[in-house]
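Each of the next two complexes has subunit A plus one other chain: subunit B in the first, subunit C in the second.
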Partner chain A sequence: MRHPPGLKGFLLALGLLLGLLLLSTGAGLLAYFLLEVYLAPPGWTILGVALLVLLPGAVALGRRFPWLTDWYYFLPALSFLLVFTLYPVGLTLYLAFTDYSGKRNGFPDRSTETRVVGQEGPRLLLEAPVREALRCDPCQGETVEVYAEGHRLRARIAQAEGAALLLDRVPPFRAGYVAKVNAFRFVGLRNFAFILSQASQALLPVFLWNVLFAASTVLLNALLGLVLGLILNNKGLKLRNFYRTVLIVSWALPGVITVQVWVALLNYNFGAINRLLGVLGVYPIPWLNDPDWAKVAILLVNLWLGFPYMMTATLGALSTIPDELYEAAKVDGATPWQALFGITLPLLEKPMAPILLSSFAYNFNNFYIIYLLTGGGPAQEGRLATAQSTDILISWAYKTAFSAEGQSAYGLGAAISLLIFAITVAISLVNFRVTGALREVR
Partner chain B sequence: MRRLWAFLLTGLALYGVYWFAANRLFDEGSYRKQVAFGSVFVPYGWVYALGGVLLLALLLLLYSLAYVALTNRLQGKRRSPWPLFLQGVTHLFLWVLILLVYYPVVQVVAASFDPTNNLFSFKRPETGFLLLDAKVVPYLPAPSLENYAKLVEGVVLYPYQVGLALLAGLALLGVAGIGLLRRLLPQEAWMDLWQGRLLLLMALAVFVLALLLSPRQFTGQGTEAKFLLWVRNTFLVSGLTGLLAVLLTATAGYAFARFRHLPGRYPLLLFFIFVQMFPGFLALVAIYYLLSRLDLLNTFTGLVLAYSGGIISFGTWVYKGYLESISPSLEEAAMVDGATKWQVFTRILLPLSAPMFVFIFLLQFVGTYSEFVLANLVLTGVESWNVGVGLRSFTTGQFQTKWGVFAAASVLGSLPILFLFYGFQQYFVSGYTAGAVKE
Partner chain C sequence: MRQTLAVLALGLSLALAQGKITVWTHFGGPELEWLKAQAQAFTKTSGTQVEVVEVPFGDIKQKFILGAPQGQAADLVVSIPHDWLGEMAQAGVLEPMGKYVTQSYLSDLQPVAVEAFTFGGKLMGLPAFAESVALIYNKKYVKEPPKTFEEFLDLAKRFTTGSTFGFLYNIGDPYFNFGFFKAFGAEGVFAKDARGNLDPSRLLIGGEAGEKALQFIKDLRFKYNLVPEGVDYGVADGAFKDGALAMIINGPWALGDYKKAKIDFGIAPFPTPPGAKVPWGPFLGVQGVVVNAYSKNKTAAVNFAKTLVSGRNLVSFNQAGGRIPVSKSAVKALERDPVVAGFSRVFPLGTPMPNIPEMGKVWGPWGNAISLAIQRPDSNVRKIVEDMVAEIKKAIGK
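Right after this comes the complex of A and B.
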């Protein structure tokens, strides 16, 4: 009944759990492939069958190792993490070392789709010469997909001659069409080498602006939040709850909507902001059309979006400072300024540090504001098409991987996201060190 | 020494800002001294504005001087007028700030009632009042609901759906009513209970309504007539994601908080936290591949499953922290009486944790509501878009002609989240800033 202790116990438990998960996934896959021959089941039958194996398996395993049942509480979260986080992340890490892109994506190229007119074991007869139809030279060794209604099969070309095609396996169905698969290759560290070789056009300026953006947005938001927090913490101020509720509004609106509204408001000729500035005697400002003003626009919009959070955080931190300290200071004849610099600000340091750090980490990867407000633009000379004047690392990665400018170079994008991952982990390690959040757990 | 560094760094930063402003922002190329066509330009307008604010401050000063002098004379005391003046200046500052913060909100709300789409028009109103002519104060000669009408054009509701909507509305009214009673009457136990029940009823009604609406009921022409469908899609996906987050994190949070005897609990926790620091949506291709293998592309199930990757670590961490703040003595007593761990979890801890689950659900709901990158990839076709993707189609498409409709959609799309946030303000505030108040 007792749990085996130490590392051995942990590894044993983990091994049993992962074994169970793998076994049930394997059973699911097996069932799927068996069924696929006869009927066309939807792909999620894999999950269904896996669940059907997992539940009785867990019960049986619990009978055999009663101490394992404590670990079952982790099972729902763990299995979702493995399937929908670890697997995609692992696959992405692998793709970072390949030349996977829009043109080489591992899917069949429909433009090479050719009808099969004759079939005899592994030998297919196409309606056109293989070399031209499948656009391959030499065709030997290329992967193709053979498919018909409800069936598909991947195979390699063993031999190609005229319109005849010899596969390395026999399709278990009547082949309808054949198409070449756009295979991607392992390229080692070439993606990283590319990033470094273009560093002056992308990595360095983007990284610099990324750090500057995150740092100054945190600084600006924290300053306004601090001022407001100090003002609203004053118990003598009338209507302070009203102000608090009213000023929080930009936090309460969904960011995906408000940022897009800001795009319209910042329009050069017609935007409401430039209209207001015109009345104040300021000439219209090219908020979203000038590489430098775009940076200012991003900081200002992010200030609008983010100061309520900082205000609330400051108020929360201020509420932990006991009133007696101020009373004692007053008795000692301290002025309000001395109380502010001697008591309030030093005592705010400790609770605010983790908030500022996590805010930095959040803004470091704040994709939405960049992508929705400026889309990374406006264009700047001497940069990669995917890394324009206001692009940060994550929007650069996104545009590299998914946009036309980046030619959907997904492998390259995955390499950049690996970089982001490393930086994020480093920031949060610092954060955990400062807060000691993980030490408590131990 | 530390102070010296601080001064040095601040000075350097300020000089950097000055240099940037002088050489990059206000140089000839970036800041051209030409007035935009059709806009109102008042030379040295800022001087007038500043003068106005200073005048108000002066009036405040005079008022506080006079008021304090009067009360001092009447009551025979010697009080200083400065606290009153400072209080007044603070209010003035806050009101200026409120004006600035609400300026964009007011502009959008006004635009949504403006049928003439005048964001991109050169014509300017001739009213003789400067702020109206400049369209700084919204100029609405003929406000109408036309823009909103375009969003609901051709929507066919069945009677039972109207009934459900009414039920949800009544429940919401009930919740608000009890909230009002709470302010007026002393607290009583039934208030909490009924507020909870009515909220649950409302959530259920909205969920069932979202489930029963079908794309066929949206017969209007044009993409904007599908707006309510997008809202419904978003509600469905966000609600399910929030529910899934609670389901997945509850048991794991319990185990992390209470099973301190398990070896390797700490590395497992680290794994939970750090694996989700990978920028989630950059695994898009992998997720797309996975969903296409499972034949779940273009389904809400697929989208919810794709989101489920990103919702576990935060909820687990928060729930674990919450349970650790509850003393385990009750559970230990139950265990002594022969209860199993599962019974302890379901009978004792789950009822206690309802507020935390509400918080995790709400956070996930609001977070998912704003998501559009994954949604854009997984859901294709106008009928399965969510609000974010749909609104984006307005701004990237023929925006010019649709500014009014876009504004109306923004207002309508923001309302649910606005209500949720203000309704559950204490959850959001306490949850987000949990780190700040931790002893």
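Right after this comes the complex of A and C.
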């Protein structure tokens, strides 16, 4: 049988390989859970059983579709893709609709641990009243974990009265303790509703500043990079390579360090920049203490960090413009300005457009400069503590998920990430459509 | 060759017989050496191997919560701050310690330390040492610590010159500011219910107490002109290290550097602010040892934890790193140490930082309110406090 042609063949091969991988993983998991009832198998049992299914499976598939064997080289890459890309994406999607968090993580709450003093079938007698000991109200339907040395069992509470607890199943061992499980559950769209309920205090202003930040950063960096690139491309300039090396330094240094140095330089009373301005007779500027000046500070520092990239990109694009064009222009009597606006800039547009767009997408989620330079601050009246004057969407998501809402609100964080994903995709699509960059790239 | 093999086999069988426990720690330097020495001593007496693994402080909580149920976390952690306790207990990874300790052990501990490590009415860890902020003064400028706010203001103003500062501290951080909220009437961040547990629905840092405290913090900048814009932890700490600052609010963690910089310092409580109802009292943080609820070798882990926090070992721990033990007998043995003596006058004024997870929803809005109040001289303190309370209530009520 021959390889089916075109897209159909590609999709068929991919489908078969994915099916094989998922089947063997499923078999591994199934075997693990079946074995778990009788003994405690080590984690790598899953891998072993999966390989036991995968190898004969691959041989059998190869007999049925002989052309597929070439595709087997793709299996390792595909399995990595499954584990490290598709699985987290799937998990994010799933968590966005749950209330999963550090304290609702599906594990028993050990501070509700209560000793079992009597046991008769599914009925347990606790040392204290159920409602207080397990901190549940109503207790019916809550999941609990019953355990003793070497045993554990999950069960639901069928009925609770006083210190007596009726479970929906009989523990097959002598119960020592019982604790409530912090179950997480589906909440539907509640995470999204919560985010949108903060729209006026968080989502909208943060979104506006986010777009402004990304757009101005790209514009400023591109302008400075363009000017410097044009100057450095001039062959008459002496010490060209020296300037190029010096100008690239800010790009070569790790930003994690330089941004923190900038924090010190921009300090209101003690920073070098305000002292310098003071010498020149200018009042100190509240770089990091005023909501508006902080935005300026961020754009300036990001310019310092980002212009070498644009400069290098410009230099690269300039080297693709053939010299004959300029010679022809000279012969026709064009001034240097006319050559710049007639030849250089139009020919730079096409190679630069995809770079500008990808730079926009990158800066749109440029978490580290915000987090390190201002931490989202300074505070602004009428805003939530998680969405301050310079917070962008991604830093807002980070603060919401990992510092505000009970410190590890993975469910809410996942929902915000999905929203950011949707926004970034929408903006990129509009960008590509407007500039036609997608066609150029192909 | 054969002999080595025999020794190895013997060692292996011993290790298998006696088991092995893993300890995660964020200690470094002499404190890490102390822990390793303790581990060796424990191996000698009990035969249990102890492996000490260094984990960065900021990673411990997350790693432990995620790893413990999978069997991928240490058997015990030395040490966690008590304000992580609620979250870790609710995540189910901490072994309740009540059933392992004796009454005489508990009575040797300072009551606030036991309170700090109790969550939901259960002791979830063994407290080891405590820390809080206090007024630290440079004896070059300040001979006797100020008893009243007038004395304090007089000193602070006298030394605020072009090249020196009278008083600086990390003014934007609620942790450093809680003492003022307490002085103006907030006993804690949350009120306690009838059984002594913190009730997250009753917030105490709002209302009149919050307004007065915030106004006082604002006055430190705009009325008394002591703490100018741009002062953060780094600036204040650096100035004190350089000997250019007379008084700072800071904690025991900074004292090692001050000693190294040869600053002759003293420790005292901050004087009662003007118009305050009760004395200033800082947040008390207690660190202690916790045991993994999923540990395979719980008995050995608990025994090691108990040796670590025994009064005698806490004294040697203090000599290693200068931390202030919470055991009464250890404090008594160390009463001639000026740092231990200074802070044991401050601790009784303090309130343990809340250990319930709801506190995580307070820090953000609270810090925000303080930054807003000190941003401009005309900031509306009443509105700021109202917004703060509304935001916290909404987050907690959800």
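Going forward, the second predicted complex is superposed on the first by the 309 of 442 C-alpha atoms of A that agree within 3 Å, B and C clash if a C-alpha of one lies under 4 Å from a C-alpha of the other, contacts with A are read in each partner's own complex, and residues count from 1 in each chain.
The criterion applied here is as follows: contacts are C-beta pairs under 8 Å (C-beta built on N, C-alpha and C of every residue); 3 or more make two chains touch, one makes a residue touch a chain.
Please read all numbers here as calculations on a predicted model, not as lab measurements.
Enquirer: In the overlay, answer first, second, both or neither for which of subunit B and subunit C A:Gln388 touches.
Expert: After superposing on A, A:Gln388 lies in contact with subunit C but is clear of subunit B.
Enquirer: If we overlay the two complexes on their shared chain A, which of subunit B and subunit C does A:Ser417 touch? Say first, second, both or neither.
Expert: first
Enquirer: Would you check which partner chain A:Asn269 touches, where first means subunit B only, second means subunit C only, and both and neither mean what they say?
Expert: both
Enquirer: Quick one: is A:Val89 in contact with subunit B, with subunit C, with both, or with neither? Answer first, second, both or neither.
Expert: first
Enquirer: Check whether A:Ser111 is in contact with subunit B, with subunit C, with both or with neither, and answer first, second, both or neither.
Expert: In the superposed model, A:Ser111 contacts subunit C only, not subunit B.
Enquirer: State whether subunit B or subunit C is in contact with more residues of subunit A in the superposed arrangement.
Expert: Of subunit B and subunit C, the partner in contact with more residues of subunit A is B.
Enquirer: Looking at A:Pro286, would you say it contacts subunit B, subunit C, both, or neither? Reply first, second, both or neither.
Expert: Both: A:Pro286 reaches subunit B and subunit C.
Enquirer: Can A:Val256 be said to touch subunit B (first), subunit C (second), both, or neither?
Expert: Only subunit B is touched by A:Val256; subunit C is not.
Enquirer: With both complexes superposed on chain A, which partner does A:Gln159 reach: first (subunit B), second (subunit C), both or neither?
Expert: A:Gln159 sits against neither subunit B nor subunit C.
Enquirer: Common interface residues of subunit A with subunit B and subunit C?
Expert: Correct list for subunit A: 105, 264, 267-270, 286, 290.
Enquirer: Can you name the residues of subunit B that touch subunit A in the complex?
Expert: 20, 24-25, 30-47, 49, 83, 87, 90-91, 93-94, 97-98, 101-105, 107-108, 119-121, 130-131, 134-136, 247-249, 251-252, 254-255, 259, 261-264, 266-270, 272-287, 289-290, 292-296, 301, 305-306, 308-310, 312, 316, 341, 345, 366, 369-373, 387-388, 391-392, 395, 399, 403, 406-407, 410, 413-414, 417-418, 421-422, 425, 429, 432-433, 435-439
Enquirer: Using the touch definition from the top, list the residues of subunit C that touch subunit A in their complex.
Expert: 62, 65, 69, 86-87, 89-96, 119-120, 122, 124, 228-232, 234-235, 293, 357-358, 360-361, 363-365, 367-369, 371-372, 375, 383-384, 387, 391, 395, 398
Enquirer: Which bits of subunit A are touching subunit C when the two form their complex?
Expert: Against subunit C, subunit A makes touches at 102-103, 105, 107-113, 135, 179, 182, 194, 264, 267-271, 286, 288-290, 377-382, 384-386, 388, 399, 403-408.
Enquirer: Which residues, counting only subunit A, touch subunit B once they are in their complex?
Expert: Those residues of subunit A that touch subunit B are 3, 5-7, 9-11, 13-14, 42-44, 46-47, 70-71, 73-78, 80-81, 83-89, 91-92, 95, 100, 105, 228, 231, 234, 236-239, 243, 245-258, 260-265, 267-270, 272, 274-276, 278-286, 290, 292-293, 296, 304, 309, 312-313, 316-317, 319-320, 351-352, 354-355, 358, 365, 367-368, 372, 394, 397-398, 401-402, 410, 413-414, 417, 420-421, 424-425, 428, 435, 438, 441-442.
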